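Shared between the two complexes below is chain A, which pairs with chain B and chain C, respectively.
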Partner chain A sequence: MPKKVLITDDTAFMRMTLKNVIEKNGFEVVGEAGDGEEAIAKYKELQPDLVTMDITMPKMDGITAIKEIMKIDPNAKIVVCSAMGQKPMVIEALNAGAKDFLVKPFDAERVVEALRKAAP
Partner chain B sequence: MDTSEFREVFAAEARDYLQSLNDDLLLLENDPHSSEILDDMFRAAHSLKGMAGTMGFEELAHFTHQMESVLDLLRTGELEASDRVINVLFSSVDTLEILLEQTINDEPISSFQDIVSALQRLSDPQAETTETKPLGTKDVSVVLDEFNRETIKQGLEQGYNAYQVLITLRPNTLLKSVRVYTIFQALEEVGTIIQCNPSAQDLEEERFDNQFALIILTHESAKEIQAIVEGISEIEQVQVSKPDDVTRQESASALEVEPRIQSRLRTRRTDKFVRVETDRLDKLINLVGELVISRTQVMEIMKQLEDSEQKNAAAQLDRVTTELQYAAMNLRMVPIKQVFDRFPRMVRDLAKASQKEINLEIYGEETELDRGIVNQIGDPLVHLIRNSIDHGIEPRAERIAKGKPEVGTIRLGARHEGSHILIEIEDDGQGLDVEKIRQKAVTQGLVSGDAKITIDEAANLLFHPGFSTADAVTDLSGRGVGMDAVKAAVESLSGTVDVQSQTDQYMRVTIKLPLTLAIIKALLVVAGGETFAIPIQAVRENIQIERSQVKTVQQHDVIVLRNEVLPLYNLAECLGFEPIQSTGPLAVIIVESRGQKVGFIVEDLIGQQEIVIESLSDILGDIRGIAGATILGSGRVALILDNSTLIQ
Partner chain C sequence: MYDAKLDFLRELGNIGTGHATTALSQMLQGKLFQLVVPDARMLPFEEAADFIGGLEQVVAGIFVAVSGDVSGHMAFILPIDSAMTLVRLLTSGQNEELDEMALSALQEMGNIMITSYLNALASMTDMVFAPSVPGIAIDMAGAVWQSVLAGAQAADEVTIIRTDFYADGSAIEGHIIFLPDEEDFVKIARVMGLEDM
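Our next item is the complex of A and B:
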């Protein structure tokens, strides 16, 4: 059974790139969310094994979303995606419960490693 | 593990240790075999080393380590505390002071190779100089400091495992510091990280290649630690091993009593005191000052009330505010010990330099006074003590010839007297040389050639600007700054200086200072329609005179008061205001500064009041004649007059 992944990013382009890499490496993308609120709703609905979470998003940012999801499911496996220079936010996300982090621009191998290590 | 917020605490505590090392060295000089002193010094150096290591201040830790090695040899009796050794230790403490300040202020660290070599030669006479570890070394294995070694030892006793974990990140890792953070986060879940190399701060600021090492105390096995780290992304390689340092040092028995003593010291240091930034204290004190002023405003409104319940509430507010005010003012008080502490060392050095034997006696060092005064009284005292050593205490042979004790004595002390503090510096030297002072005064044209002067008059002449009797400028004092500078400094603190002397017996300088600078009693007067405050200690009296009593001498207004002719000025004019003309009697304030009395005509007297001094901001800078400002009960600002500059 391939692991189910929920992709969260406010740009369709990034979601597409991620989906492409993830599906080529034996994961199943079960849903996509464009902001934090949507991510929470989809998490409840789809119960994915893994979530990728962008930090800067409209409506609700990634860090708040991570905190909310961790409340719903303390065992949630979230990988936070950040741009360069967002070090404090990444640390905050890790403290909120994210398992690993990815730095844009994404390197396919890193994405796969992060997902594999977050949900072995 | 961000240590930057501990910097201030570290600095303050480190300075304490340096002071205690200095004090101990002075004691050691007289009692070179005291194991108590040596133990104390060893502990101080050791604690300092541990603290510096924790902060990642490598140079400081390294230097203290060298010093500690020498102290250890002294302690075990392998090295004799000879003059040479003690001098090297004195220089080491001086070096440490410089090193500490450079480190704290992020200044470039000087090289102290000479003194480091001197220490190394003492601790290992055979060793040819130095294999000092260069900075930025490639060797990343953790070198444990002794404090952590102890922690590990205790951990092992309690059934923990200690591992050194050597981690290599992938070469292209982004946000390395965050990666390190995830590793620390994962490992802290199963154990305690004791130490890392490079330091936590360097890791956080990404000042490392791709490799770092850490020591962890944990209940997990080496295999599990390995698996945990490998479960994290971007790890190239992990090596988990036993830190050989620990096992190697386990037999060192000298360390066994250490942790207990250290923890005892720690509790004693932290229990009763909290270190607070002075800025924060000042903020609090200023706010209390504001509150006191609001209180006055509220009380004025309350006076008009009839309701007794409201009146009681107001009275309660009044009382609590007053107490709060005193409590806050107390926060400004510090023991004068802070200033006195540096003198034993200074006297020792100066006495040696001038080949005199001098004993310094200190009393009343716990006497408290305003922090603002403490910070400024140091230099005048240094000057006075230098004077005593240089001009006061005679050379040994001369003392013997005079039948005095061979060893000279300087007594330095402080005590309270009413709302003042008295600081006395007394030496049993040659006292004032009245004839020499007289001659000097004659050449300076201060007294006529055949005039006789008393010893008190001689003392007063000393305060005359530019007056110095030193035949030659020595390294110790002279240099053109004389007693007049001391007097000026003390007067700027609203204090007075008094000199008493007996030829060939003693010279005593008494400095009288107010307890606090923050609140003063002042006389409020009106000039040019504005309210001004005059510090009460400068006001001799206030009188009412008829216009007819104003006389003119050489085109200056004067008044005659009890057979004394005093110059008379209009305060408003002095301050550049248009004086408001009135008829009828004149209100005159007699103000005295530096023995000179002057009368000022004012428009009205408001009365005496305690005022909180606020300094004028940097924007306004120093304004001649104005010492500061205060906010009155009515909310209006009144300027505080600086009587000494005003008279000039």
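Our next item is the complex of A and C:
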């Protein structure tokens, strides 16, 4: 059974890019979310094995969404994919429960490696 | 005093844009970009649009507000031809028009470049430069400029750091503009050990 992934990013182009990379490497993308609120709703609905999370998004940012998802499911496996790679932000995301933090632009291999490591 | 300030701003522009174009180059499978020596100016609002390339030229602009330890505005502005070339490169030639996916690609590319610039300044100063969700506009430079500055603090003069770059082979040129709020500019200078700016 391929691992189920929920992609969260506010830009359609990045969702498409991530989806291509993820599906080519044996995962199943079960849903896409355009902001933090949508990510929480889809997490409850789809119960994915893995979540990719952007940080800077409208309505609700990724850090808040990570905290909320971790409250719903303390075993959630969330990997951040964000351009915003400044140290305090990385620390906050990891403290909130993210398993890894990838700074855009990232290469495909790094994404796959992070996902495999987060949910072996 | 102005000379020292502008010198310092040019250096910030150089470092920031170096990181931004490195990020762009990674997105485009290693295409090489050359930076033009950055230019920093203090200009009245109305002259600022001219500085970035003429009011009537059609451009694509991706812009954010910056908050955190340092506030200000930032934009990546490029002539429409360059925007189309970038879209073709980013989408492997699938997009010939500026449709929704093309705009999304441009927005994300601009966002990554702007944020890489800010990440570089953040690691240099140990301060947080947090970008907002980016906006995008395709319009005459004058109108895009209005969008960039929407919400900017009213000041007679703006401090602009403009760095231009181009790529060989496919003509891509663009400007990255950083407009730190005045009091925060002083903060950056102080952290970098430059007093009395």
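As a convention for this text, the second predicted complex is superposed on the first by the 118 of 120 C-alpha atoms of A that agree within 3 Å, B and C clash if a C-alpha of one lies under 4 Å from a C-alpha of the other, contacts with A are read in each partner's own complex, and residues count from 1 in each chain.
As a convention for this text, a residue touches a chain if its C-beta (ideal position, glycine included) is under 8 Å from a C-beta of that chain, and two chains touch if they have at least 3 such contacts.
A quick note: this is a predicted structure, and the numbers were derived from the prediction, not measured.
Comparing chain C and chain B on the residues of chain A they touch gives the larger count to C.
Touch criterion not met for A:111: it reaches neither chain B nor chain C.
In the superposition on chain A, A:56 makes contact with chain C only, while chain B stays out of contact range. Of the two partner chains placed by superposition, chain B and chain C are both touched by A:103.
In the superposed model, A:12 makes contact with chain C only, not with chain B. In the superposition on chain A, contact is made by A:87 with both chain B and chain C. Chain A residues 84, 87, 103 lie at the interface with chain B in one structure and with chain C in the other.
Put simply, chain C touches chain A in their complex at residues 23, 26-27, 90-91, 100-101, 104-105, 107-108, 111-112, 115-116, 118-119, 122-123, 128-133. Across the interface of their complex, chain B is touched by residues 82, 84, 87, 90-91, 94, 100-101, 103, 110, 113-114, 117, 120 of chain A. On chain B, the positions that touch chain A within their shared complex are 174-175, 177-178, 181-182, 185, 231-234. For chain A in complex with chain C, the touching residues are 10-14, 16, 56-58, 83-89, 103-105, 107.
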